[in-house]
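Next come two complexes built around chain A: one with chain B, the other with chain C.
Up next is the complex of A and B:
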């Protein structure tokens, strides 16, 4: 019917592309982190990274942000997805509104929340209007890292919940309706149907969504720069500083390997934690 | 099927009037949660530079275009905007050009190595892709691609290509193979059948995934900031100036970044679900 080589020919461009621009650079980055320009194996770049005073803060901040953002986001998206599914009219409109942040970049999201949190911003104006404060408070100053953290958290939840929502709504659409009907016949309430049918059946989608989100959370960068400047160091921001300001690609590569390592371990952890046994697949 | 079951795909079914109110209330609050921050950015954008710096802020815009005009005339903005468009366009062409054939092959043929390719595509999701910019920055200097539109577009294509493959895969899978077979029996060869029968059917979807690739590139900050110096894209330009630029410049820049993206997402909303490689009913 067709030449045996046809599918391979069609796959060739993208395979080549991914090999050259995805697999090869990841090998290269590991090489850069361990090998000096003269070709010597060394761990000095890791030592330099580790001994830099910002490393521990940046590492802790990145992990804390991911831990705060992702679970909150998944719960919110689950709630939103159940709301959408229970909707009789206007489902498409609501879904469109809720997925708007999908098109907004992290930098733009940071700027949007800056409009709210900056000193002459809308949050201060509102609090003044309600009589809580007499004069604008500097919310995002370096003495106030807690507030910066909160602002970043809100901006991240605002921006990236949409992606989780899309994946979960699509996943819920795949759950056979008969399961719910059967559960209702046997008298299962709303909550019981949610925990006994929706959640277990949604595992594969939850897995996809969480892997995507956790990795994006470790990459958090522009939101942080927009809202906190350098007052709240994160790993990706440190990479940028080392690569661009300090012109030290090797230490930047060492940082990159740290992000890579925590990303891969979290991916494996999520894959294991939310695995679906073979016999339970639909 | 009873009324209660007709929409019973989800576990939430409003029963009494109270839960109905609660339901509507939650939906409204969540809509406001998404829309109000964007509205506030627009208020700032459509106010004069003086109004942006005043306190307390008013919740209504003045409909003054001075901030925007100032931003558009600011040194480097026009160039950055143009660079963004160029990079995003190249990204769009590359990712559809390489991705669509792969999507077609995945949906139509069974062959050895198919699963390996799928794993390769899905693997891109488990890796923080912007990091690719680091080794490529070094490599690009060696091969003369540093600070170039093409160099950045290649990194952005790595971000967009997996989506292009998955979207086109689901598009082609949605078209019955019988249509193609009918064209073959009527004398078309495989290529003609594809051009005359399949392409017109998938063209809107291809356009949507092209737009999506454009948006991915348009929004990308980190790789753009690492890989370009003179030829900065708009996000990279804005990022670099964040520390020193005045507020009204930031907000106008933010709005210019957001508005096209909003329009694009509106255009592709029908295809949002196939973008994640999950079948939509």
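Up next is the complex of A and C:
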């Protein structure tokens, strides 16, 4: 027998780590968002944040981006994972190739896609070369936020689908083959096997992947800056602006809390939506 | 109509020959049992019929259709898996209903069938549970119920009762046999329990090392083993074998006794007799007159089994088992005088291991 305190003792290092590097900074940010320099509680920073004309746009853009990117990525990753899992050989090779974008920083990814979409970029030269347009057009101009949005979406999908893919491939690999065989014998075709076996048994992995991705999606920044500059404001960009351009750390902290809040709500929503009853776990 | 025809089916896993050219026809509504030791290829054969495994060569026909290129779901089969494969994310009810849902059956009919098969398998009280909340035997019965619920043309069962206690197994055996006799299902049933095989089968196919050695009725397999393996595998205790040396004119020298046997020119063959087909005349030296040409057997070990007494003896230095009356007065060390029931003696060729006819 070990002493009763042993588990707590073993948890201590990671708890300390969390406190020093997460809880403490978090406390500081929260303090900054609610307390003035003279030490008084206030909501003025939130009011200031909310009344700024860019807040609503940034908020909407961030949510829209997440709503467009994450479901698309999850579907794509599911499809890719199914393909990879069905492969008899070359599986690892394909997986390595598909995960290359993971090794590229998000700013670099933004710049790669900028090289495609800008006025002198690959897309323009290609369209010109094929005779669709007479002269290069400015695709990512401020009149064209739809196009900017699309470019960001593509870059994000290209950059970060692989992380979802890796989690899902691992999850699918854990589903025993016998369940597919049983389903097949009892009349389930490909699609039914996917919806009746793969999806329900993949729930835990889907949960992890989606939480990770959604949080990343709310923090989208570098790709947006590279492709849209300030033409498509997002929450993270606003934090940067307030902190460094406008030198107002308090409002920046208020923004940070907003991102935290929507991240937590989404996480809870996903956890609830993809829960598995305890007794139904494998 | 679902005649199953297996034509020249062989299966190789790399260098391992799991099945050697199997030929077998299973009649419509027949209950065929595959019986054999562990690793002899029973599951492999069943999975080939189901379409979960592709044969290296050969054809499988169900009814009038060649099915070996069809997907499992297009073969009109249901299967009980050796490892159950009961879906953990579905309740027992939904597990049993799985095949019915796939066939888009009406809810009322689904209810009726789930109810019926669950009752049959004595799991009607577990319908709301998940597989993780069941014992191994209960899970196995869910797997059987799931297969029965679809009322298939062809039912493939891979050791469906292996995990039940003796009493429940006996009960399930009888119930399964009754339902299947009422339905018009053709069944292939895998087991390595020979009592189960004998009690349920219309025909038993005995497999050994990837081959079917004999496929006949239980009595035929027991009485007239087609090969040495069948005789030594079926029956508890199995058949006795003694070496027989040719003494010409169809007579053979078996443990010092001259016996009429098959008329072949081989130097030595095998004489075989079941332990219960032996007539014991008495013990040597107890005064009873030994009949002419009787065999002797030195008793080594006695096992009182209630219904009878099993004596392991030595005959001509070969192991020989005799079934005696449970009240027979025998001690280890005694020498028994016995003779075989003439019509029950069988002969085997030691090279081909096949039975020799005595005409």
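Just so we're on the same page, the second predicted complex is superposed on the first by the 267 of 282 C-alpha atoms of A that agree within 3 Å, B and C clash if a C-alpha of one lies under 4 Å from a C-alpha of the other, contacts with A are read in each partner's own complex, and residues count from 1 in each chain.
Simple rule for what comes next: a contact is a pair of C-beta atoms (placed from the backbone, for glycine too) under 8 Å apart; a residue touches a chain by one contact, two chains touch by 3 or more.
As the structure is a computational prediction, the values presented were derived from the model and not from experiment.
Counting the residues of chain A touched by each of chain B and chain C gives the higher count for B. In the superposed model, A:276 lies in contact with chain C only, and not with chain B.
Of the two partner chains placed by superposition, only chain B is touched by A:118; chain C is not. Of the two partner chains placed around the shared chain by superposition, chain B is the only one that A:29 touches, whereas chain C remains out of contact.
Contact with both chain B and chain C is seen for A:197 once the two complexes are overlaid on the shared chain. In the superposed model, A:181 makes contact with both chain B and chain C.
In the superposition on chain A, A:52 makes contact with neither chain B nor chain C. Shared interface residues of chain A, touching chain B in one complex and chain C in the other, are 181, 184, 197. Taken in their complex, chain B has these residues touching chain A: 5, 7-14, 23, 26-27, 30-31, 33-35, 37-38, 40-41, 43-44, 53-57, 59, 94, 97-99, 101-102, 104-105, 108-109, 111, 113-114, 117, 120-121, 124-132, 134-139, 154-155, 157-158, 161, 165, 190, 215, 218-222, 225-226, 235, 238-239, 242-243, 247, 250-251, 253-254, 257-258, 261-262, 264-266, 269, 272-273, 275-276, 278-281. Those residues of chain A that touch chain C in the complex are listed here as 176, 178-179, 181-189, 192, 196-197, 200-201, 276-277, 279-282. Residues of chain A that touch chain B in their complex: 2, 4, 6-11, 13-15, 17-18, 21-22, 25-26, 28-29, 31-32, 79-88, 92, 94-108, 111-116, 118-122, 124-125, 128-129, 136, 158, 166-167, 169-175, 177, 180-181, 184, 190, 193-194, 197-198, 205, 208, 211-212, 215, 218-219, 221-222, 225-226, 229, 236, 239-240, 243-244, 249, 252-253, 256, 259-260, 263-264, 267. Residues 50-52, 71-73, 77-79, 81, 83, 85, 87-90, 98-99, 102-103, 129-130, 132-133, 146, 150 of chain C are the ones that touch chain A when the two sit in their complex.
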